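For reference, chains read A, B, C and D in written order, and residue numbers begin at 1 within each chain.
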């Protein structure tokens, strides 16, 4: 995706400014228009604030129209008819383009129940979620009253806008929209970081299939060269990290039992704060291990 | 199964002694007959030694006949025709009576390859194994030379005999044929043992389905009232212990994230020594845990 | 000290009963006399209840006389004039017979301040305390009002009586007056309990010298044959356990740095509940260790 | 100390070059002279190599004179007569200017024994040592043969030169002469880094008094703003880190026992590799803690 500098946006014509930002909020160029009038922006955070302010100060009917301009999640008919490229990419990021039949049915039931109760589409910032957590969010929000859901829908629209803006605009300041998942393997048997350990990160799913979303090796410092997830929000959900520990010790001629007491070690944990840093290390010997939420 | 005291065996008539012990070694009453002549026995260990000595001192052809008197493992035709009750119970203990098609095919291939190479049935003390470890043992032993496998077969026959004897005879001394798997949950957040935690023990399978082999709750001391496996050899294999930790903390009003960082905690480990004590504890807080091979 | 069975006490003459129990409460045979009238006792707990009831139902002046019958703690003049053998042993158990000059001065100041404020001697069940914790208890109780201290003094007298009774009378039931301090060394480098590790237990002192109160070796199971403290209340106070870990690994030819990263490992902790079980284990490799309050 | 850029040294006159570097090796300007002739240097590492080469290629008598140009360690007479500023600062860095009488006597005995056996002064790079480790090094090296000690003396002279060079010359490359000691406190009770924890680092001494060499507070990430030791070699020796944990939890209203089970937690460890990174973290709850050599 092509990016633009904030200084260029500040200097652009009204029309060019709107053209660049019109898709930051789904089918609602009036928001970019209102923001254009408030230029120049000292940073991307003030620009986001202007977009939020435009949404917040709109008349209730306009807000409702804004909400209704959004597609259902995981709706096959709408997907066939064509989503905006942004919406499509966002839904795909949560795996909504490859649902099992069971999952698809669960989403359809939830969408229908939501529309029936509230008369609006269910809106969620999909990049902050896994399939699992969206279905749980559906359940939770179905218990709310309509007014709460109008507010929640606008909040999620702002979150979506923030992430689209973050991808589109280069500025000196940064929006706080990214999280980071990292790990570190310490070999307490040797008193050193453990290099060359195969690490897998699996996104766990309740209905469909769990899937491997990262595969890597630990480097010389026992860390991974890249974060396991980074440069984006961490999708809320349940995960498993898997470390090939027996192979590592066998290669170092450490005496193991047969089969080895510890082989592939799974660490299961959940992410609940998409914009945070989760550090999930492994301290290990052939006979023991520990983990904790680190920093 | 009815049991008999060693003192009664020592005092029994020759025929009665043989009648009681004739099935300790599959289809080979001559072994009980030889042992009968060595009475009285000061304990069950000397009795087992007498049985082993009878096997070891037999002529090679007799040993071969003894080996060939054993059934194949997991052979459907033989099972249909009827195994001895002991054989049947032993094979069932390792789950050989409920193989998936894939597993059944793997066992058939292995049996055939083994018979073809060595001309004898593959013999293993099934109570010391899981399906997985038997298939691995098959692979390993197929690499041996014939002489080694004759020796191994006699060893396994002695192990089978020891376990049958252990179930049959009551004595003051004990055979060292049992292992024990235990756990203990320490709540390092509260500084106390963790009672009421749901614990599952799962036997992991490579080919077929993993299965839950124990379900229990921790008691007031954070332990389980009964060992997870006890009163028998621990089957060699891979296992997962699963602890419902989030539920425990939620019931105690400890503040957790949503979803909780740690929920069901899996500990994966392998057992390689059937006659040992494996203690696999969990030290836990809502944000950290550790385990180790304890004692 | 000679002990007597509860059944014999129940059957004894009034005078004999009183003669045996008259020192259970300092200089107050009337309490034993009242208890004698309530015989027979089904257990040592009901006997203690009868003694407590006698104290609780006494007239205020009688209670005051009872309190005043007690000596000051660590008072050299009184010690020179002679304490009851029980008082003497109890004070010595907390090290009050070997105070440094600084400590002696601190006790004298505290005793005087207490007597001046409340008009009674400060009473504490010394077997439940270290020198340090008595001085802290002094400070805390000096803040109370007189009525509270009368109640507290009677409570401590009951605790002293319970411990004297526990040493004197043999019964089927037990008084809950003992605690236990234990340890366990697990070698996570070898996956086994660590035998032969030298362990020292040190009672830490703020004013005087810290002193070693137990020295032992771990046994084949990594535990100590006897509890580090047992068969008595655990004295409230601060402690250090010290484990000679480098020596243990060096003897097993585990490669260590020079000097070894970990050598004598100190674990510092405090005991606050004299009648509880404190389990303070060490999980260790040459490069890591952990401890926790176990069970 | 004033520093000079390597480029300036490369461009300097022969005399100026020598004037700047003449003290890099004690009383031996000929080494700087030889190095001057090999200019220009692409980095500080090649410059050090030139100095080492000059030492290594010198005639044996010249090497011996070089060794004899060095003062004894901790020699009061020599100190009174005046050391070079470099020597003085180096000896002081290891605390040799504030020895107890016992320590002073130990150094004197060791110096005399060494001189008597080898006829040269004992030379050690004092910045890589504590008093304790120097005395141990003395003991170990007294066992060597003379030839070994000549080689060892020259090695230590090179290490001293490297550190003096590192302080004197600014270059794009760095000499690997520094180590780093860091810590990190993770609160496993809260699942967060622990800020505001008072941390003390104590250098332990066998003969003299142990002394606090750093006092700091953990920052918002549970780390210290500056390394506990950094920008220099880590002195070989034994250390204790002390963390005020009870105060931290009390301030956060976490319920503790009285006295708290854990209060000031000591971690004892040794440093054996002066040029390495030692990371010694604390994972802690009010009821448990662990540490390990991290990275």
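For the reader, a short list of remarks on this structure follows.
Operating definition for what follows: a residue touches a chain if its C-beta (ideal position, glycine included) is under 8 Å from a C-beta of that chain, and two chains touch if they have at least 3 such contacts.
Model, not experiment: these values are computed from the prediction.
Listed candidates were B-C, C-D or B-D; the one reproducing the A-B interface, defined as more than half of contact pairs identical by residue number, is C-D.
On a Cα centroid basis, the chain most remote from chain A in this structure is C. Chain C and chain D have Cα centroids lying 47 Å from one another.
One simple way to say how far apart two chains are is to compare their mean CA positions; for chain A and chain C this gives 58 Å. Among the residues of chain C, those touching two or more other chains are numbered 188, 191, 257, 261, 283, 287-288, 290, 292-293.
Listing the residues of chain C that touch chain B in their complex gives 184, 186, 188, 191-193, 221-222, 283, 290, 292-295. Interface residues of chain D facing chain C in the complex, by the touch rule stated above, are 133, 136, 236-238, 257-266, 268-270, 272-273, 283, 287-293.
The residues of chain D lying in touch with chain B in their complex are 188-191, 261, 283, 285-288, 290.
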